[in-house]
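So that you can tell them apart, the chains are marked A, B, C and D in the order they are listed, and the count of residues begins at 1 in each.
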Amino acid sequence: MSHASAAVPASSAAAPPAGAHRFSAVISRIAEEMAARDDHGAPADYIPMLAGVDPRRFGMAVAEPDGTVYGVGDWQQPFSTQSISKVFALALALSLDGERIWRGVGREPSGNPFNSLVQLEYENGIPRNPFINAGALVVTDRLQALTGDAAGQVRELLRTESGNAAIDFVPDVAASEAAHGDRNAALAHFMASYGNVTLPVPELLAAYFRQCSIEASCADLALSAGFLARHGVRADGSALLTRSQAKQVNAVMLTCGTYDAAGEFAYRVGLPGKSGVGGGIIAIVPGECTLCVWSPGLDRRGNSVAGVAALDRFTTLTGLSVF
Amino acid sequence: MSHASAAVPASSAAAPPAGAHRFSAVISRIAEEMAARDDHGAPADYIPMLAGVDPRRFGMAVAEPDGTVYGVGDWQQPFSTQSISKVFALALALSLDGERIWRGVGREPSGNPFNSLVQLEYENGIPRNPFINAGALVVTDRLQALTGDAAGQVRELLRTESGNAAIDFVPDVAASEAAHGDRNAALAHFMASYGNVTLPVPELLAAYFRQCSIEASCADLALSAGFLARHGVRADGSALLTRSQAKQVNAVMLTCGTYDAAGEFAYRVGLPGKSGVGGGIIAIVPGECTLCVWSPGLDRRGNSVAGVAALDRFTTLTGLSVF
Amino acid sequence: MSHASAAVPASSAAAPPAGAHRFSAVISRIAEEMAARDDHGAPADYIPMLAGVDPRRFGMAVAEPDGTVYGVGDWQQPFSTQSISKVFALALALSLDGERIWRGVGREPSGNPFNSLVQLEYENGIPRNPFINAGALVVTDRLQALTGDAAGQVRELLRTESGNAAIDFVPDVAASEAAHGDRNAALAHFMASYGNVTLPVPELLAAYFRQCSIEASCADLALSAGFLARHGVRADGSALLTRSQAKQVNAVMLTCGTYDAAGEFAYRVGLPGKSGVGGGIIAIVPGECTLCVWSPGLDRRGNSVAGVAALDRFTTLTGLSVF
Amino acid sequence: MSHASAAVPASSAAAPPAGAHRFSAVISRIAEEMAARDDHGAPADYIPMLAGVDPRRFGMAVAEPDGTVYGVGDWQQPFSTQSISKVFALALALSLDGERIWRGVGREPSGNPFNSLVQLEYENGIPRNPFINAGALVVTDRLQALTGDAAGQVRELLRTESGNAAIDFVPDVAASEAAHGDRNAALAHFMASYGNVTLPVPELLAAYFRQCSIEASCADLALSAGFLARHGVRADGSALLTRSQAKQVNAVMLTCGTYDAAGEFAYRVGLPGKSGVGGGIIAIVPGECTLCVWSPGLDRRGNSVAGVAALDRFTTLTGLSVF
């Protein structure tokens, strides 16, 4: 695959001339607009390593189905993937386990914040979908049970698809999460009381926090998510998911990928997307390309302010919404 | 516009030969598959006029953006639109009132059945979205306040877009709904206690039940929804909605259009869609075509069993999902 | 029965000397303490006729089992009984209908505000207890069905037990309630949708609002509630309730009589009690006496500030708590 | 204090003649009635040591304020106190910490099952009362923080008040609870996420399960609860609680002591009471006596079937209800 920056080549050694790629001009324009914004939101404050990041930082990358990737701003800067990792964990669980994963987690929007226990209780320990924390814990539980190293599998998938072997966990971030992990521990124990997670809770949480601590750049993530634009086909041409499974993941991303703001994201951006509290968002234009944007300032629902705005502008300027 | 049946011409006087349209073969195949199904679900039982319909009936229509429409089975048989009318009421409210309508109703999936009061209470009388009953009441309240005849406006829109001046209310159905209307009355009074509906509740309910009682065929509804595939443009070329508003409506349909099964519909069908307890479902392929399917047997969530299955098959056979 | 004021004879023509009754000194002291309070709360503001009352007004009456009644302050001033009427409606329904009334309403504390719909939905239209509004509507529905005039029956019971034939409805108060009755209408329609109220909702609401509009004084209500201190026996010696039924009513008053503050009332006052938003509270010392206190300023949970404080002082000074 | 069996002397060496005590005849009659029952419920099944107990076993003890205790049936048979221990932990916390304990736990009935997370979430991690599991965890957390050995303090209180130095933990029961402790772990972590428990969760759970594992007999518990009938005064005449605090504990027992059946218990029994899944129930007749009954078969809400029935009969036969 070829890496190529658009207007702001960052550290890329061999940047092609601006405009060499079909969305270069668009993303350059978006980067300028985002730089001019006053409101950047605030970084997540419960993880010290995330809290200190400058909320004005901004990067955006586009990956074409053929593996070409280009970007603007901090598009090659690694950041904490956090909940974006849930998409890759889900894809791996589906790949290894097929439909069975859906016995323990639903595919419906939750209508509640990402870490709510209420719905979980009314629905007997079966989380609504794999992108709220409870559902992601079910997925990691299953992936860990199947592979013995859920977090390592997610890291390996990112490394392989992006071609970047330097992608790795950040132990201090995982440790910070663990130190503030009571809510997730409550979710895990609660589902364990229903038999819907099977690993010892400390092992499950350790795997989950490691998975969330992976650092990767916009370039890495746009490339890694490419299989979702290619209907399940990996960078090397093999199938990670069936066409139907890829559609499942995209559908769940569209309806559930941005916490309690999925409806608004669908209407403003109109693409399957998944955000993380590290400030990143990936988005899929099925059959066309994948996007990843990063800006660490969050809105009150935990989504990157400039990230959502940038994707909104992208679909408006290009007309590439699914609607 | 031209009406044309595909394989089963029904009452169409001048049916073109089968295969004359791009999806004729596909929908004929689907109709055969549906006829072979054992499980048809059961019609809604609380409205006598709906309860008596044979659950094996099936019709499906496709409308092209240019106004051509063709279908199979009972595609020209009028049926009770019920909640499908909510899409047209929303479009009219958006058209007349712009963003203001969103002050009184959200755009997020509800995570609860269509007539739940729970979320409404926790969110202070603001319904989650315009397709649960509470949200539809807010839309009708506003449309009635703006026009003095919400139901008449919806009927007029359907007549104009479909070219079928015979589309009309069915007073007996409206009366049946009113006779079993305690849950909707509770919703309306509850929102009135928050000031989120402004009309006298009996007037609002009368308008709402009239709107839901409109009868139209698959052909009528596929044509009438055409503006959502044409990014807001009506059959006569004028704009009903802006491109952004059309995208809003499609996004809300995808995330909230099939009651508590929106996630599953998104994953199986992958199109913006809206169902009604009369057994109809409309679905939009943005930029491509609109679909309407009808079969009166429902699943436990209130969606047509054969209708969902037929749309699932359509997107699988044609690859026309948004994902 | 003999009416006798303690220290502040109010309009009583022939007041006996202070100290003539066993609690005269205690209630005089309490009245002085209440007069010295700074914080009186605020009258209910949604009924104009209640909103205008001076929150510093205060009256308290004690009725002995033999029908002697005495009081302090505004103890002979009629005020709006509001929810206190629910106790008398429940007693009449039990008397006429026996255990059957408990099929439609529970006897458990609600853990939610008095007009919540949430619990009602989770429990399929069966209200938790007869003192939240939903439960009181069920009781009035049944009493109206049995007698054709629920409100008239409650008025008659109060007149007979108090010996005051002037006790009556206040139509303007009933009309004010009806004008702000959307929440109660929502509750009634919601229960009607489960078949748990049987009358037409407008008839039920009219009966309910009339019942709540009854005006009576502390003296009237302390006397009228006497049967609850006499284990079910009316002033004339006949039985209104069985001993077991009287115990039921007292138990429900203790656990559910003061909206969402029943636990605090039990711990501070330690007596079965029932409050109304008119500022009145009745309380029962089984086998000993009945109390009624009135002061129109309410706390945020709808209970009279000085009323609760006065009863707290009464049980502290006399040691007459049930605990 | 003097131990004396009524009609069924069990293992007591020197039983006085039947009828020597004021309630001897009553409890003998009740024991006969309970022996004749067909329906005994089923023991708690999640703790093997409890599951194996014969549900027909029955014991009942009465302790007089002067320390005399007598009983029938298995009144001297130790059983697992389970949630009954929550009363003693609360009394100790109140004694050591005063009103401060109420900052972290309410005094209102819950309206939800004993181990629900729903209300806890809506009320930001503050449990409704100290007798649901979440509230008991808050009390134990505070008692452990104050004393370093919450469970040891509870055991010591029981030993001292009953005069039985053999009262002790049952490590196997504590271990069984821990092995099925995911729901309690969820509650503890959830409250920790709000800062409403302060100890490390494993330490808190260990203390809590030890406390619940204490075994004591009806005689022991009736004597130990004597301070609640003596308005806070211990067996040795010193004050454990103020009169007001004793009233608080009794009030919370009446409104919240029997899980989701507090209303029914109040109406049937009419006494402050606290049940445990070991099949025991203590009940207080303020100023008169304390009762403890044991029969291991439970109803669906977790209360002893024969225990509730026996207390119901006791208050019916003696007229000793608080109502």
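Rule of thumb we're sticking to: a contact is a pair of C-beta atoms (placed from the backbone, for glycine too) under 8 Å apart; a residue touches a chain by one contact, two chains touch by 3 or more.
These numbers were taken from a predicted model, which means no experiment stands behind them.
Listed by label, the chains touching chain A and chain B alike form an empty list.
Distance between chain B and chain C, defined via averaged C-alpha coordinates, is recorded as 50 Å. Each chain gets one centre point, the mean of its Cα atoms, and the points for chain B and chain D are 58 Å apart.
In chain C, no residue touches at least two other chains. In this structure, the chains touch in the following pairs: A-B, A-D, B-C, C-D.
Contact residues of chain C toward chain D in the complex are 106-112, 119, 128-129, 244, 246-248, 250-252, 254-256, 260-264, 266-267, 270, 272, 286, 316, 321-323. Contact residues on chain D toward chain A in their complex (touch as defined above): 116-118, 120-122, 182-183, 185-190, 192-193, 201.
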